[in-house]
Structure formats: C-alpha cells, structure tokens
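The structure appears below as structure tokens.
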Amino acid sequence: MLRFTTAGESHGPGLISILEGVPAGLPLRAEDVDRELRRRQQGYGRGRRMQIEQDAIELLSGVRAGQALGSPIAMLIRNRDWRSWQEIMDPAPRDGDPAARRRAVTRPRPGHADFVGMLKYDRQDARDILERASARETTARVAAGAICRRLLEEIGVSIGSHLVHLGGIDAETPAELPSDLNAASDASPLRTLDSAAERQMVELIDRTKRAGDTLGGICEVVCRGLPLGLGSHVSWDRKLDGRLAGALMSIPAVKGVEIGMGFGAARVPGSAVHDELGADSQRPRAGHVARATNRAGGLEGGMTSGEPLMVRVAMKPISTLMKPLGTIDVITGEPAAATAERSDVTAVPAMGVIAEAMVAFVMADAVVEKFGGDSLHELQRNMDGYLSQVAARTDW
Amino acid sequence: MLRFTTAGESHGPGLISILEGVPAGLPLRAEDVDRELRRRQQGYGRGRRMQIEQDAIELLSGVRAGQALGSPIAMLIRNRDWRSWQEIMDPAPRDGDPAARRRAVTRPRPGHADFVGMLKYDRQDARDILERASARETTARVAAGAICRRLLEEIGVSIGSHLVHLGGIDAETPAELPSDLNAASDASPLRTLDSAAERQMVELIDRTKRAGDTLGGICEVVCRGLPLGLGSHVSWDRKLDGRLAGALMSIPAVKGVEIGMGFGAARVPGSAVHDELGADSQRPRAGHVARATNRAGGLEGGMTSGEPLMVRVAMKPISTLMKPLGTIDVITGEPAAATAERSDVTAVPAMGVIAEAMVAFVMADAVVEKFGGDSLHELQRNMDGYLSQVAARTDW
Amino acid sequence: MLRFTTAGESHGPGLISILEGVPAGLPLRAEDVDRELRRRQQGYGRGRRMQIEQDAIELLSGVRAGQALGSPIAMLIRNRDWRSWQEIMDPAPRDGDPAARRRAVTRPRPGHADFVGMLKYDRQDARDILERASARETTARVAAGAICRRLLEEIGVSIGSHLVHLGGIDAETPAELPSDLNAASDASPLRTLDSAAERQMVELIDRTKRAGDTLGGICEVVCRGLPLGLGSHVSWDRKLDGRLAGALMSIPAVKGVEIGMGFGAARVPGSAVHDELGADSQRPRAGHVARATNRAGGLEGGMTSGEPLMVRVAMKPISTLMKPLGTIDVITGEPAAATAERSDVTAVPAMGVIAEAMVAFVMADAVVEKFGGDSLHELQRNMDGYLSQVAARTDW
Amino acid sequence: MLRFTTAGESHGPGLISILEGVPAGLPLRAEDVDRELRRRQQGYGRGRRMQIEQDAIELLSGVRAGQALGSPIAMLIRNRDWRSWQEIMDPAPRDGDPAARRRAVTRPRPGHADFVGMLKYDRQDARDILERASARETTARVAAGAICRRLLEEIGVSIGSHLVHLGGIDAETPAELPSDLNAASDASPLRTLDSAAERQMVELIDRTKRAGDTLGGICEVVCRGLPLGLGSHVSWDRKLDGRLAGALMSIPAVKGVEIGMGFGAARVPGSAVHDELGADSQRPRAGHVARATNRAGGLEGGMTSGEPLMVRVAMKPISTLMKPLGTIDVITGEPAAATAERSDVTAVPAMGVIAEAMVAFVMADAVVEKFGGDSLHELQRNMDGYLSQVAARTDW
C-alpha cells in the first residue's frame, strides 16, 4: 500500500510531501521530482509568484545513492518568499499574545474555503484557512506523484495530459494522440494540442485578465501501458473508478470528473458505448485483446482493461478575482469586496499536471497492491509472471 | 467513523450489508430499510427480476427494540431465487470435483467486468466474476444508506434525487425543486420531474427494448439541511468533494460525477461561477449567510457551505444487451456473441436511489466525524452547540 | 489487503463474519471453518452453553464449488437459542414503545464493559452493551481466522497453540514442541502439553467453580513455516510486532501480550537475548540461516525472521462470577451484587484458539501484502520467486 | 481522526514528523515539543550521540502565532551530524554509479532488522535497512506525541512514566505514585522512583558497559484524568486495549505489553482481579464511581473506565553489542562478528518517554474520535456536555 501525506501552508516555511510504500531499488533523483514541479509552474495566465517560486525539493529521507530504500520518502519544498511572510506567518506567538496577528483577512472570497473554514475552525482570520486551502498545496502532490510516475515508468507505464477546454473554447483532440503526449502538450503555453484554439485561448486570457476575471477549463489525462487487471470489482472501495475519481475531485477547484465517454455515455445507446472485443492478431502485450474502441476509458468493472486510461477533469475558475466579488466582512457582517491576494487568471494548464500526479499515485498504489514486492526487482518479477499467465490464457 | 461492508453474489444465498459506527439510540426499524429497497426496485425499463426479488432485510444485529445499539448493524437480504440457482452457485464442491461447474459463461460482455476479471482472478467461468460485479450488489449499499438516511433525518437532513437525462433526452428541471423531492420523483416511472420528457423517455425505452439495446442517463442528487462545515480542506483525503466523487464513481456503470455547475463551471468566467455572499435577513439556519446562487453545489474548499448539496451522476447503458455485442470466447479465442443473461433496458432511475445511498453514507460519516457522539442524543447536543457557536459568530 | 468485520450480539439472531481480500482459487469448505468453531467450544471449565451452541456456518458469499472467488466471504452463525431470547432481543420495538424492554440488566459486572458502556452509549439496560461485549463475538473471529488458516496452509504455514498457565499453575513446555501442536494440545481438555499440570488445573477449576469464582491463564501461539521478511520496519504501523499485539490485545479479557522472550528479555543482558546467526548446512528453506536459539520469537525489526513465531497471551479471569462481586445498581445508585448470567469458570483453552485466529489473520494479511496476487496460483508464484531470490542471496 | 507519519533515516538529513487532525486553536510552541525531545535524550547508559544530537524541531506547518490551525503539523528535526555522514548517506548517486557506496555494512547484528531487511528489500548494504530501523526514528514519534500531550493537557489529562525494572533489578513502586510522576522520575538518571534500586542499576550499567553488553528493562506508563468511555467495545479494531498494545509494541525493541495487572491477572482468581464498584461520596469527576482498586489498569471492555490508565512495556536489550555477537557476512556467507556502530548500554529510560508519546497519540486520537470538534473550544464543549450527561446519570 502506498500512502501519501502533505503538509504546509502557502506562505509558511515550506511544503512537505511524504510518500510511503515505494519499493526499494527504484532509481530516483531529486531532478525527477523537480522536473515535474517545473511543469506545474508553467502555463499562460499565471501570475508573478510562479517565477518567484522556482520550486525544488530537498530529499530528506528514503533515498540513498540514487535509489529508494523502501522507507518513507520525505521531500521539503521551501517557500522562497518565506522571509517576507515570516512576520505574518510565524509559528511562534508575537509579543506574548497568541492572538496578535497582522493584516487579518476578514472578507472571504466566494467559492473559496475562507468563509466556511473560519466558522468551522472558529478562526478570526481567514488566513488561518486560506493558507492551507491554497493551490500551493498541490506542489506537494506533484512531488509525490513524480515518484509514482518514476515507478510506473520502470514498468512501462506513461502518464500525460493535455488541456481540452478553456473558459468556453474547445480544443480539438487529434484522432490519434501523440505517442509522447507531454512532449507535445508541454510545448504549448496552455498545454493544448490545438494551436488554433490556443491562440483564441491566449486572447481570452488577456481579455479576462483585463476584466479582472478568471477562467476554468478541462484537462484530459491519459495513462498508457497499464497491465489489465489493476483494481478490483469485489468491493465498492477497491474499484479503481472510485479511487481515481476521489483522488481527482480532491484537487482544489475541481468540480467534475469523467472516465472514457463519461457524461457522453449517458446520451447514446449501449451498442454505441461498449467496446467490442476481438482477438488481436498483432497482440502487442500479454493478454491483449483487440478493441476497435476505448469508450470505457480503460476501466471495466473497476479494473484496468489494458486499454489506455482516459479521464477528464473539470476545473472551475480561480476564486480570487482581481475585480472582486461581493462578500461580507465576517467580523462586522457588512457587505464588502472579497480579498484579492493573487492574480492568476487561470490554472487549468497546471491542473493537468496535478491531475497526472493524482492518477500516478492511484495507479502506482494499484500496481503495488496487485504485485506486492518490496524491491523493484521483485515487483517486476511478479508482474512478469502475471503477464505470462495472462498471455498463456489468451494464446488461442 | 462510519464503515460499511457488503458481501454477496447476485444469485448466491443472499446479500449482506454491515454498517458500523452508528450512534446508539437511533430509532430504526426494518421497514425504514425495506422502503428504500423497494424504491431501488422501481423504474420503467427494468426486467422481470425486479418483481421476483421483493427485497426485504433480516436485521441480524445492532438493533434492539427499535433502537440502534452502537454496535455493527448487519442486514441479510435473501435472494429469492436462490433455490433455482443453488446447483450452479453452491459453495460446496460437487461430486468431489472442485472445478465441476454447470453452464460456464465464457463469452464476456463488452463493458462488463467479465473479461478482465477472468484473467485477473484466473477463473475459467465468467460467472465467478459477474456474480459479484453485478448491480445486485447495490442492494446492500441501499440498505446501509437507508440507515445513514435515518441518522441524517434525525438532524434535519434530507436526501432526494431525480433523473435529469435519459439516453439523449433531457428532462427539464423546475426553477425550484419540490420541497419533498422524492415524493415527486418517485411518483414518476422514470423518477423525473418533467412529464413531457417522461413520455418521450418511455417511448425511447420501448423502442430500445425492441432493438435489444440499452440506455444510460444522468441523475441529480440533492441533500438539504446540512450544517455548514462538514468535511475539511486540510488534507486531500478529507475533502468532501473527493469522498463524494469516490463513493459515487464506485457505483457500477457510473462514468461521470459533477458537483454544482460541474463541467459547466469550466465554460464561463469566475464572476459567473462563484456564489456571492450576503448577510441573510431571514437567517433560517445558524450561520446562514444568504447567497443568491448555489453554483458550487453546496461544497466550498472540501466543506459543506450550508447550501444544498447538488451532485450529478452519469451512468452508461447496461452492458448486457439482448442483441448481443461482439466478443470472443475466452476459452477458445473464437469470435462470439456476448452472453445475455438479463433483460433490463435501463437502470438509471434505480441508480438515482443508489446514488442517494452513497451520498447518505458519505454525509453521515462526515456528521459523525465532526460531531462525534456515541449516542444520538450526544451527537445532537454536540451539533447544537456548534450551530450556536456559528450563529453567535454570524449574529451581526 | 485483508479486512475482516464482525457483527452480532450474543443472544441475537446470529453472528456475521466477513473476510475480504482472500485470493481466488483458495480451496474452501464450510467444514474448514466449522472445525475451528468446534475447537473454540472445547475446554474444561466451560458451561452449558457450549453444548447448546454447536456452531456451524452458513456460507453466504465469496465461495463457489469449493473455491474462493476473490469476493468478500460472508459467514452466518445462527445463535441456536435465539427463539428463547427473541422477546428480549427483538430488533423490532414492542407494543409501540421503543424503550419497552424486559429484564433490564442494571447491576454491571466489575471487569466488564457493562458500566462504562451504559454511560458512554447512554443506555438504561446493560444488556445493550454486554450482548456485544460478550466473548461470543470471538466466534466470528475464529470463522474469519479459519479461512486465513486455510490460506496459510496452502503456502506451508501452520498455526497452533497450547495453554502454558492457568490460575497460578504453570504447565511445563517440552523442550521441543510437537510437530503437530494442535493435535497434541486439542487432545487435552485444557489444551496443555503437561499432563501433570493438567490434573492440577482440572482440580483447581472444580474447586474454583464450587467457590463461584473464575480463572485466567496464558496461552502460547506458535506459527511455523513463515517465509522471512513479512511485515516491515519502515513505519510504525507496518511493523508486525505492533499489528500482532494489537490484534491479540483486542481479544476480550486479554491483558498482556509478549513475543519471544517477552518480559523475560528485560531481565538478562543482550548477549543472552539476541539470536546469533550462522550459515545452515542443512538449509531446509530458502534463505534459512541457522540460529541456535529463537528468543526473538520469530520477529526482528518488525519482520518475520524465518524462525517460528512465538507469542504468549495472558487472559484475566472471566468477569461474570457466580458468587458475584460488589457493584452498584446504575439506575438507583445502590450497592448491589453484580449480574451473573453465565457460568463458565475459565475460557483460557478457547482463548488459545481465538488467539490462533487473530494470528492467522495478521499473518495472512502480511502474506497478501507482500506477495499480492489475486489468485492463489499467482500468490504462490510470487512467493516462490521471492524464495528463490532469497535462496540465491544466501547460497554461499 | 488523528494520523501521524514519520520519515527519516538515522544519519540522513533529518527526521520528519507529521501529525494531522489536531483541533484548531490548540496553544502550541516549539518548546513544548523540544522539551519532550530532551526528555527522550536523558538516561544513564546512553552514549555520546545523545550529546551531539540536542534535538530541536523546526515547525514547518500547521501552527501560526502559537496556535494550531487544524492543518497538518509538520516538524523537521535536523540530524546534527549530517555533514559528517553526507558522503555515505547522500540521496544523490556518486560518480554516476547508483550502486557506489562506502563502508557497506554486511555483518548484520542479531536481534536487529539488518539481516531480514537486506533479504526482503534486496539490498547489499545493511545500512539501507538499519538507518531506518534505528531507534532514532522514535524522535519523530516523541515529537508527534508531544503535541498530543498538549491536547490532552488542555482537557486535564496527564501522562507520565517511570522505569520499574532494569536488566534483572526490580524498582519498587511506591504505594501511591507522585502526583507529578515525570517530575519525580525525570529527576532520576534512570527515571525510576526507587533510589536504592537506582544505585544498583547504575552499577549494573557500568559493569555491563565494561563487558560490552547491553540491558533491557520495563517501564510503566500512567495516564491520569481520562474521561470514562473513550474507545469502544463494538469492534475488534476500535478497542483501546488493542490500539494501545499495537502502538506500544511497534516501538523498536519492545517485546511485551501488559495493561493493569497484565500477566499477573492470569495467576489469581477473578475475585482478586476485578475492581468492585461503589458509589463515590467524594465524586471528584463526572460519572466517577469509586473503586478501591484499579487492577484493570483503567480499561474495561476496550474503553477507559475513568481510573488511571496503567500499562507496562518490556524492552529487550539493545541489539548492538560492543562485544559483538556472532553472525555471518551476508555477502560471503562467512562467520563474522556483528557490526558495532553505537555504544549505548541501555535505552530503557528513553523508552518510557517514547511509550508516553505512543500512549499520548492513542489517547488523543480516542478523544478526537469521541468528542469530534474542529476547534479546541468545540472539543471542550462537547466533552463538557458529555461529562454533564454522565454526571446526571450517576447523581443518585
């Protein structure tokens, strides 16, 4: 079982990510993680902070001489602007008064955790909530996901994503996705494969920025090379569909998740939804049975089908608007303009990278669950044995 | 913490549902559960088995004299047709030969767990998989959900659902939902509030049945009366968005979940998405702050906002078609027509009831998590204390 | 991951045990479980109910034609005296009054859950607590453990136990334990290997029964054939020592657990505690390295060492004394004699069987965790691969 | 639900401890944790490193202006000697060769995780195992426990410990324990309350040090002020006995745990074990019912009884002997003397502090579980309500 835990506030000393359960022997370098952190910081429509951050991990544990040890891998990502925030965010009380705070945030942003969090946790300053509810937390997710990705790469599984919609503009998806999906999508400032749509989106972002507004969108995550039979149908909480959806919907600002045809599958008859099976003359992988279609998005009955996993994730617009929405001051009850602290117009390109990380975690967990193995070598041997078993069964 | 566990095959002796963690003192009768089981069995487009089943629970534990004891509540739902299946499904081996089976299913249905399950679990008979991957398992979910619903009712929370789409036909949602949503939707054979659409859907089902095909659709679940502040923003796996999506996407055949505006939130700017806050002159509930809109669907930052929870769940068409799809025989590798065992055209109306059950579980779990309490009285006292605290904070 | 859940009250309709995560293909018959249930009902010093019960399971799910399916295995053990208790224990309210109960128990037994449970769960009748806090619940544990034992048998692991102490009388342990430990211990009415001590114990039980008192004791559980390397040192909650101790201390009335030398290891220097390693010329098992001693009891650093697992479990005397202890009536606050409902003098022999079940669960879980595998065949192949790897490393 | 996660190797950059689920508003300073870390570093018989370490935390998250925020609290404890170990422990590969290591440890210490760990995780250098299996990891446990202790203090619960046995020498326990147990025990270099035994123990340690040997011992942990009714009897894994034993037996080198009379309860009849109840004329606490004895050690039926929690924990001698035990070289298979890296004679006094931390975690978790509450204020209000309820029930 893989487990991951994150900690850290947006303007505190830093973020921590611990991933536990990684097989020993996995080759791993800090650069493997830093590369993904950089990918998360890309994207047209981000504000100044992305440049400040230049995130990089300090590997605190679980790795030695470039290999995982099997012990928990802890990563620390320092917040580069901590010094300028220290007075506000200091863990230690100031002047003997635990309640003394500076610049209390009392005008909660609609759509954010601010308001509810203040009441639930009984805080007088929305900063006590928003610092953790911030999208900055996803840095720690991407760090853990980067290690999961490394594990998946070793067994031939790749994960990529691309933006398919932004604020009303659809990007066309090519009939066949590029074999190296991220190489293609990362080349675009919006991580989209449709350069015509990209131009429109850039314009829309510029226009929206001028209007002080924000934009949401949709990314598609694709995971290729998965062996069939990860996950299970036997219990509700072992089904991969649910585990994936749970992980993806936990990303801040995500409001929708769909697998394969998703909502589209509700609109057409079964004969246009289910993927017919036919024996594969090519048979590129053990147990592979040809299907002309992959409308299921790679999951059947809560298990991987051997086809690429395809999920789409919808993100609402960022809830901090530079032209602020109406709210109330929680202390006075008076109408007010919501706090406006950050200035990104959209984070949808980054969300794709975060969604990749969550998919990587869920799939790596499913791999470890199915194949066990305390060392990478053992995991691979167990997987090979299984693939041979499946190949023998399907070698008609 | 609430936990629920289900067991049972579709044509085995019966289904078991255990719900654990229910506060002592909750008034509970078998009828409370049976009523929900009946709701699950409604719906135009279901086949003969729905009539056979007439599900009812035997309360095996955890309830005495009409009150929960705090101990695990186990419910047994006998499969009424067990006798006719006993020879095929008997747990005991036949004739000394553990492998002797009758009527082995070897032609897996596209879109079902059959094929992958046979390879993963190394079974020669798809029945070993399909019996558990069956939608029949959701009976046990509805049973557990019915108890969660009882708990929620005691603290003023109601859950209902209605069908909003079937196989290409949208049902219009009234501007204001009926106060007793299920009274209205259950009155419809399709559990929809739009009688014009209903007529079209009935025709579509009849037509589809004649074509040997199946239909999917979309239901909306609405949960009202929730206190604000359930769930949390602090860790990825405590966020209610993720927990809800995970529970809902684990329902068989569900391919998409969205909260509030969902995918629609990706299409418009933030100013048209986020719900502005304004102090409420009416103030019907503690801590209630008026919002003209509820596009967030009742969740902000992973927590309930105090507004109704609104989720939409998309179900693909049933994967057993009477006009079977093409598949292969797993034993011979030859092309074949898929097995066709059951005859429902659509189960979308029932899916709404199942989705209600999953929402009930997640929300009851969140209630117990936040308010603790080993007895209903204690839980209510804790909740009242919290609501007073929130009311004091918002009594400007 | 294996999970097990139990439900059921002592005098309710029955007990339920669900075990989830068992690999498909495990040969399994109801008799495999019933045999263990009978072993639990043995033991000199038990009262009349043991004869009444004659426990046997109904296999409700997860097994077909003598093989596990991989789905949850649910077992129902009916309480044979349910009819005579139905009026008292009926889940349905009587006469429209949910609070109407018969024969309320208001004089809690010292040493039992009665008193605290009534206050915690806010119940007026200790029966609402004691019915679940009863040792009867362990029947469901033994049922789940019996399946785990079957899984372990398939990979060459055996579990047995014997009584080593009863109420002040030590049983001598032979220098070498019998190869079939349970064959030897089950032959004794006290499950002890020391027939001289057995005679004394029988007398003590008779004497204690006449005195209206009860007795505790200590059992040793021995698990042989375990591969080295189950469990882990990497995180506190993955260490097998803790998982075993947690499972064993959760058995009703257990107050102490020790592994290997246990408390004795605190009394002598390290040179008399740690087991020196030497290459084994015989080398009966992969990776086996001879050790002249097994003071560690088969666990080093939270992992199995390849030596037999040895744990000792101490049980306090039964808390229902026929010559009742002093208590108070919870309703009136008056001094009173505690309720005396059952009449066993001691349950230590049965406790050994229950402890075996808990050890079986923990070890089977550790096996599934390490070797993964959805089918028994896969699990065995993975384990064989690992054992070969270990053998190659230790083939000097 | 509280969760805690630790990471870090003994000679890596540092240790990380994350505690999650702490109510917001808990007053908390780094000194609260550092104080406990210092207590862990005390104790006669420790080697040089204790002085080097001078552990102190950096609070990375979850605390602001001296109060917990409700978000995960991450603490970093730097290893002060990291610079001198960096070449050996560097996460980055050296010279392009991932396998290049210095000073490989190949002679595993009997009694340690070394040997099994190398085979299980397929490592060539026991350092890859021993760095994590080290007692150094317990620093992170003490850090998390210190926060739990702060939470418990706020609701009137205190935790202390003292050493009751060392390497064959019993310390006498006074008839009444000091009201501030740790003030008394921490004043002793061995954390014992018996100064005569202390002198003998010091001599024994000196003698044992000269002999190159090591010593184990037993500590008793006492937790006072607990409300009755924490934990539960309803399910095996909710019983506090098991949760405590699991947490304590997971401490490195612990081989035995007992609650209350523990193993002693197996030796006498029930009438000498169970604690009779009598109404309390003093009634110092809500729901308190006088008991002349506390042989149960504060737990009945898996729940706190309102009496002090008393557990005893047995630790084996340290497995690194300066006069090394016989082992084999894992690479060559040749007989060898075990590696001897550290020089403590005994760590039993420190183990008491670690055991306190584990008890603090389990009890704080049980408090949060029962009383819920996102803020300290809410938790206290819920607890007060419960105590009033209990008081009303016992106000005869």
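To keep things simple, chains are lettered A, B, C and D as they appear, and every chain counts its residues starting from 1.
To be clear about the criterion, a contact is a pair of C-beta atoms (placed from the backbone, for glycine too) under 8 Å apart; a residue touches a chain by one contact, two chains touch by 3 or more.
Everything quoted here is computed from the prediction, not taken from an experiment.
In terms of the distance between Cα centroids, chain B is separated most widely from D. Set side by side, the interfaces C-D and B-D show unequal numbers of C-beta pairs in contact, with more at C-D.
If you average the Cα atoms of chain B and of chain D, the two centres end up 43 Å apart.
We define each chain's centre as the mean of its Cα atoms; on that basis chain C and chain D are separated by 26 Å. Counting partners per residue, chain B has 5-6, 20, 70-72, 120, 122, 129, 132, 229, 232, 234-235, 374, 377-378, 389 as the residues that reach two or more other chains.
Listed in rising order, the residues of chain A touching chain B in the complex are 5-6, 108-120, 122, 129, 132-133, 137, 141, 165-168, 208, 211, 213-218, 228-229, 232-237, 239, 241-250, 252, 254-263, 265-271, 273-279, 287, 289, 291, 296-297, 300-306, 314-319, 321, 323, 325-328, 330, 332-335, 348, 389-390, 393-394, 396. Taken in their complex, chain B has these residues touching chain D: 1, 20, 70-72, 229, 232, 234-235, 368-374, 377-378, 381-382, 385-386, 389.
Of all residues in chain B, those touching chain C in their complex are 3, 5-9, 12-16, 18, 20, 24-25, 27, 29-30, 58-67, 69-74, 76, 89-94, 98-101, 120-123, 127-129, 131-132, 374-375, 377-378.
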